[in-house]
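Below are two complexes that have subunit A in common, paired first with subunit B and then with subunit C.
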Partner chain A sequence: MLTIFIYTFLSGILAVTFDLIFGFTGQLSMFHPAVFGLSAYVTHLLVLHARLPFWLATLPAAAAAVALAIVVGSICFKFRLKTFYFAVVTLAFAEMLRLIIVNWNSVTNGTLGLVVSGKPTIWWPGTGLVAIRGPVAWYYLTLAALGATVLICARVLASWMGRAFGAIRLNEDLARTLGINVFRYKLVSFAIGNALASFAGGLYGYYTGYIDPGYLSINQSMEVLAMVLLGGQGTLTGPVVGSFVLTALPHVIDLRAEARAILYGAILIFTILVMPRGVVGTLRAWRMRRAA
Partner chain B sequence: MLSLVAGQVLNGAIVGSMYGIIALGITLTFGITGIVNFALGEFMMIGAYATFALAERGGLPYPVAVVPAALIAAAAGYVCNKAFFRFTRGNLVNGLLVSIGLISVFESAVLWYWSATPIEMHYVLPGALRLGDVSLPKMKLLVFAVIVVVIALTYAALAGTWLGRASFAYAQNAEAATLMGVHTERLVTAVMLYSTGLAGLGGALYASLYSLEPSLGGVYVLKGMEAAILGGIGSLMGSLWGGVILGVIEAVGSIFLPTAFRDAYGLAVLVAILLFRPAGLFGDES
Partner chain C sequence: MAYAAGRVNGDRAGSLLAVRGVTKRFLGLVAVSDVSFTVARGEIVGIIGPNGSGKTTLLSVIAGMVPPSDGAVLWKGEAIHRLRPDVIAARGLVKTFQNPQVFAELSVFDNVLVASHLALKHARGGHRALTLVGIDGRAGRGLAERVRELLALCELTRAADQPAGNLSYGEEKMLGLAMALMCEPELLLLDEPASGLGHEEVDRLTAVLRRLHDTGTTLCIVDHKVGFLRGLAARVIALNYGRKVAEGRPDEVLNDPAVVEAYLGRAHA
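Moving on, here comes the complex of A and B:
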């Protein structure tokens, strides 16, 4: 039972940060799982080979995510790629990254993936450094990580940057004439989203104890998109709701794997048809109608 | 060496024509309905498995089985359009989400019934033609020819006819087209039927060449999308050329560069084209 929540929180981080780029800034990025998977690998490899402690290793991973985001983002935004085209180009870069990881056998062990045996440690009063083991400890760790992510995103969105993001989403040309540096703020949004997503990658690898190139797959990208749309794009609670629905529901109902996937698809289709703006978006509209 | 390259170019063109038939469906649906039907690959998979069921289990001769297989895929497309896509028209991301749901449903349903073990059909048309040092299986040539003819016929049917002009008008401005007497609901239904039927036909042809897996659609819809963008969204013949070019790049690229990265060569070219010619190779610049 706790596992469902842990997975919800981990994918919630991905979904919230994706929504920062997609729901708030209006850029349909398909690069998210690439950063997620890459940082899972980088974090683990740094712990393994450079003997860094887990928390220290997440920082170079995040730096790598930011560097990649700046390269990919600059290319896309410089050429003013929009909606579908932006999605395809980011998807192309994500696929190239995945192919490199699949084929770099000596480092990544190819399609077989890597087994992660360690656990991150935490300083605890009285006992000193303890490894985070067991569902309860992971529950609180991932909950804290999700909380921190949501807080950071909320801070960013409440600032001048958040308003610039909104302006870009609603009307890019108008934003430009108002003196907003569209290129810079798109890049900032893309970089922040990817940097935060990279922490989810490191944690995910250490929670499951296993990293493989599937982390970077297109399906993963679709899943994150589904969570955000289902919960409600352009909100911070929506992605978490979406990630809970898509993680929990198929597991709560005891079915064989194929039936579970069918159920998953059916949930997606029907929610989006009944609530085109997602669960949270629909609730919000309903509340506003009642207040009016 | 030369014959190796020539052989790979031909092979790439044949695989590429498969990408092209999916690309045609993507271009048509996106142009008319504003939806990227990401589930087209699943209709291809349905067509492929239907062909297998009809030909191997049902005992129909292969050339006969192809037609009902494409029709089954089109029927599935019709149902999906009436039940789901109708409500997401003009909304790119919600349409995408419905496609993702459909992929999950179709793929696991087929997985349930047929399991993940690859299935192979018997040789439909054995033998090969020899062209110098290059040998070409007859079936591959036949498939290539069928696809080229189908795409060319589609182009002929839409260029210069009332139906074609109506579609273009609808794609440009749906409201104005309705006022001019275009029956839009029928047009959209026809496009969904046709694009899913095409994908089904692509799957039926695929079944005669390669082994079938429930996940085959995923690869082809991606390649089809790449091909559609490469050729230029909205350009019908562009989708064929885009597919062929993509197939040839992948095939020739893997002679000179590591084969493991063959998917990346097409993507790299695609990114370059999108950056410098966003409308695609054969697309309308405006």
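Moving on, here comes the complex of A and C:
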């Protein structure tokens, strides 16, 4: 049972940060799992080879995520790639990274992946450094991580910067004539989203104890997109709700991978047709109508 | 008044805006052909011309939405025709849209607040970064007050909390004006502000534009409602088929044979 929550929280981080870029700034990025997977590798390899403690290793991983986001984002936003084109180009970049990881056998062990044996430690008053083992500890750790992510995103969105993100999503040309630097704010949103997603990658690898190139695959992108669409794009609680539903469902109804893919597809289609605003968005609209 | 915070640097005597030989071709079509004119600080300049005469394209070139094929646009003596629209807006040259553009999902109040990005930059240089990430709220409170002032000026106070998508066409146009004003323009380019408005709305618009002018904003208004411009502009430029065919006082220009011909056809000229 706790496992479901841990997975919910981890994919929740991914979904919330994806929604910052997609639901709030209006850019359909397919780059998210690439940063997630890459950070899992970078964090682990830094711990393994540079003997960094886990938490210190997440920082270069996040820095790498930001650097990549700036490179990929600059290219896409300079050419003003919109929705579909942006999605395709970011997907191409994600695939590029995945293929590098698959083929760089000496470092990444290719398709076989890497076993992560260590656990992150935290300092606990009284006992000193303790390793995080067992579901209860991981439950609280991932919950705290998700909480921090949601708080940071909420803070960003409530700021003037967040308002600029919304302006870009709603009417890019108007935003431009009002003096908003569209290129810069798209890039900032993309970089923040990717940086936060990178922490989820590092944690995920250490929780499951295993990393493989599948982390970077398009399936992951579709899963995150499904979570956000189901829960409600442009909300912060929506992605968490979506992540919970799509994580818990396969556990409740025992399904094989193929059947799971079909279920995802069906849910996605159903949501888009019946509740384009997702669960949270629909509930919110319904509550507002009752209040009015 | 706060909404007329026109900065006073730059040359006062010289022209604020100079358009020099601007030509805009779209594939084979010449939309604007070798147009030159200047706008001095404090003026109200009207640009008239029948539909398809290149008025909107000319404004888009000036505001940086499309680059000119030829010619130059100078702002306080500096070439701006290769700059991005947001940079041009930041320098004090702001344009409104012919078809009102609003952020339909946001409330009317928030629409104007979004437009305060530049005002924020001017208001508090050092605090800007902190305000951007939401740590320093002081600048924000001052701006909210300004938003209310502008909504009152454009008679949108009653609709402040409604989503902008619910507004009527005329109200949307006034909201577009309020948003442009929030950017603290020195020169405001208005693209057919009176089109689609009823009589009363045109009167209200005229009053608002007069007040803006009185408080120091320079205006450049494109419209084909000749009567509306006659009452406002001191100088009128007439375009036809992308060329400037006349320039001068409204009465002179409106009686100019080339202008009469453009509007009514050759027989009346």
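Throughout what follows, the second predicted complex is superposed on the first by the 273 of 292 C-alpha atoms of A that agree within 3 Å, B and C clash if a C-alpha of one lies under 4 Å from a C-alpha of the other, contacts with A are read in each partner's own complex, and residues count from 1 in each chain.
Going forward, contacts are C-beta pairs under 8 Å (C-beta built on N, C-alpha and C of every residue); 3 or more make two chains touch, one makes a residue touch a chain.
Here the structure is a predicted model, which means the values were calculated and not measured.
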Which superposed partner A:Leu178 touches (first subunit B, second subunit C, both, neither): second
First (subunit B), second (subunit C), both or neither touched by A:Tyr85: first
First (subunit B), second (subunit C), both or neither touched by A:Asp254: neither
First (subunit B), second (subunit C), both or neither touched by A:Val102: first
If touched residues of subunit A are counted for subunit B and for subunit C, the larger one: B
Which superposed partner A:Tyr264 touches (first subunit B, second subunit C, both, neither): first
Subunit A residues contacted in one complex by subunit B, in the other by subunit C: none
Subunit A - residues contacting subunit B, complex: 28, 75, 79, 81, 83-85, 88-89, 92-93, 95-96, 99, 102-103, 218, 222, 225-226, 229-230, 233, 257-262, 264-269, 272-273, 276
Interface residues, subunit A side, partner subunit C - complex: 155-156, 158-164, 166-167, 170-171, 173-182
In the complex with subunit A, residue positions of subunit C that touch it: 63, 65, 84-86, 89-90, 94-95, 97, 101-106, 110, 113-115, 117-118, 120-121, 131-134, 140, 179-180, 182-183
Contact footprint of subunit A on subunit B as seen in their complex: 36, 84, 87-88, 91-94, 96-98, 100-105, 107-109, 111-112, 218, 222, 225-226, 229, 258, 260-261, 263-264, 267-268, 270-271, 274-275, 278
